[in-house]
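First the structure, then my questions, so here it is.
For clarity, chains are labelled A, B, C and D in written order, and residue numbers in each chain start from 1.
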């Protein structure tokens, strides 16, 4: 599903924030990504989600060598990926419903078909009564849940979640992780960056640990779930 | 990709109010400028027509201009094609024309004044002046035909430079208006950079993303443009009322143009909001595509 | 509160480029309009002067105008205060003026033509025309003084309406420019609503917060305004070169104004960027204070 | 220091998001504020930080009855309060240094005097090498630490922190909590909203628990540290 070999990445002309990343995420696997603040977790997730280009190394996604894929062919690949951004990235003047419906609309799903889908997922994350609220009138945790709902609504093949439980309490965090497990059972490959070591331990999945731009404990990375 | 879904609205971030407001101002200004130019064109054309439509035939007194040769000249003129009317100016009227130079004490009878004929041409049918000149010379020896060529030449120069100036002003205002609308559209989009990246990462194709913003820009500029046009039309009607009121007071020498726009003039004005909309739309498209090209 | 510290800069969010860009366009447009109005004023004033500076004295032939009464009239004129020159127009020149009406076959000697005197006034010293008229009548009976009053009247009307039209255009462009700069400032500030709340919650007084943004708005509008003024000046100089080139070609009848702006005209133009800066500053102040008033 | 009696709050014309809040924060006390997502923690903190006005009830701050204080007199009160926003609220085009220096500049501290102060606090939160970085080029945890540095740099009498450790790992969270304790020892009153129940337990301070807009376990609220 995802294969990186000796991948490096830098922002603009700055120093490399990721060095010699070698990893493999098999189809249907579930990984946590941990590491101290500033280690490069968000950067690695952005690489996997096709939001940045590696500055060196070999990277392939869904079996396609990224150096050979044309720009136009990236769009269909991206439609198979769901992203939970660390800073949510909700569109402030769209309602929670419309924010969550966005990936389906971009993929051309008919309005009639997407309505129930969007409602159901917003119910799951506990926001059934906030369908019409605009993000600026939502609490931090509510915004984060809208962001999660948007990432999973299109049932992506690959889900990349950056600190998806940083603004919710432990009970809600567990509930959201269970949603991720549900998706995983249906075949979605997951990689979830988190600071919550306890949560990661609780789920007993493969843990990738980043330290100053380099992956530690490489052995664990190869262990598919 | 087939169903575009509801557009992503520009936010209440100022841009959704600013683009229409600026477009309103620019269409208003451009509308007045365009109306002024079209009106000037018409005034010049009418002026041109009233001049090119007249000739003066002169039968000098020294050649012994008699009523007979006057009649002969009139007959030639009445037969010639493309001539609307030919009227002899009577002796008293001719004397009045010379009066400033000769004083009133001298009676017209004392002088052998030349006889003048005022000729009005039918401007739609082009009269052959060379042929007419020859025929007149034959019928009434010594008759000369004054087609005001000198006056016309300098008038043509004047009209040409008036036109150039007016068009230069129009182009200038138009250029500023187009650039302002383009700038306003770009500014409105600056706020939406994150949204553009978000759609891109969701796998939306460039054309789809561009379309979302194009549509909004078109809509907002059209709203502002139509409002600006309505304001401009109101101002033009008010001006034309004012001009009529002034001319009723007998003040016919006025630079305030008469402002009688015809149907097609209004049609040309109605194009302005459409131009504004297209400028906004094209700018939105270019800006969004440029933003997208910078993303991987 | 005493040390204001470095200002909070407008972001690279478009507004920092947009306000100067729009101000540039508006100052450019307003600059050209203002220059055109000032030039028109001068052209009208000069025209006015050249007309009000001439008189014609006429000694009718019928009253037996002799060289003697001509000399008497000239003597009176030369003695009168405020008169620059008085020249008798000789018989041949007078005959030429009448020629179109009488034909060439009639020699001036055959006619008792009136004698004309061309008088040029010293416009700085105001001549007393009523006194002059009385003196002339005494010296040369029947002499009349034509001060072109009729022509002057209609000229005055024309000039007045030209001025009104030009000033209306200037006010219109100025108003649109002011509103555009104000709108652009407001839009730029919309992005900074969060920053305004943040400063407010840090305990900054309203005046302090407003000052941060005022200063930025002033700076950005001044940058754009000065650039616009430079562009307008360049365009005016280019136009004036072009006008000179055209008039060298002998085409003296041209609407393109001669565009010779004097020192104080340039000074008036230099006020435009300052006006733009003040408008931006005032708008920033009003917008920020309005935003703050809505916070607890 | 802070006294609320039967305070209620609503946004605009919406429903009351806080009801019958009665609490007292004594000078020099240290409180945690917990509760599920959407309970009203942020709203309560905004009330305390003078960012919102109560719609009913009695509220007093620094011994001043808020209903009697004029708008102009609120500014000096606000200068005694430090706020860590849940969404950071950093100014994106100012460097980390300038963001942190802002409260000192607003208070009219001379440039020469504030420089060392700002440097020291940024070193404490582990960002000595990011003084000149603009917030968009910082990682989530780095941004959060800049926000904390900004809130404490002016040594406020009252510190209101909304989820200040949501984006940092446990080690950094402990370090930041220690900074808060340090401040508390110097006399600052603190109220810290957090989802991290483990962290709250670890510090053994008074815990205010919000549930659907109402304070539970009122007894704990009265226990000063």
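One rule holds for everything that comes next: a residue touches a chain if its C-beta (ideal position, glycine included) is under 8 Å from a C-beta of that chain, and two chains touch if they have at least 3 such contacts.
This is a predicted model, so every value here is computed, not measured.
> Any idea how many Å lie between the Cα centroids of subunit A and subunit D?
About 30 Å, centre to centre.
> As a quick test, compute the distance in whole Å between the mean CA positions of subunit A and subunit C.
Comparing mean C-alpha positions, subunit C is 67 Å from subunit A.
> Determine the centre-to-centre distance between subunit C and subunit D, using the mean Cα coordinates as centres, and give it in whole Å.
About 63 Å separates the centre of subunit C from that of subunit D.
> Check each residue of subunit C and list the ones that touch at least two other chains.
Within subunit C, the residues that touch at least two other chains are 13.
> At least two partner chains per residue is the criterion; list those residues in subunit A.
Not one residue in subunit A touches at least two other chains.
> How would one label the connectivity among the chains shown: line, ring, star, complete, or other?
ring
> Which chain pairs here would you call touching?
Once each pair is checked, the touching ones are A-B, A-D, B-C, C-D.
> Which residues of subunit C touch subunit D once you look at their complex with the stated criterion?
Touching subunit D from subunit C are residues 1-6, 8-13, 194-195, 197-205, 208, 296.
> Going by the contact rule set out above, which residues of subunit C touch subunit B in the complex?
Listed in rising order, the residues are 13-15, 18, 21-22, 25-26, 28-29, 32, 58, 60-63, 94, 97-98, 101-106, 111-114, 154, 157-158, 161-162, 164-165, 172-173, 176, 179-180, 183-184, 186-191, 251, 253-256.
> Under the touch definition given earlier, write down the residues of subunit A that touch subunit B in their complex.
Subunit A residues touching subunit B: 49-53, 72, 74-81, 83, 89, 91-94, 98, 101-103, 105-111.
> For a test of understanding, state which residues of subunit A touch subunit D in their complex under the given definition.
11, 34-38, 41-42, 86-87, 126, 137, 139-142, 144-145, 162-163, 166-173, 195, 197-198
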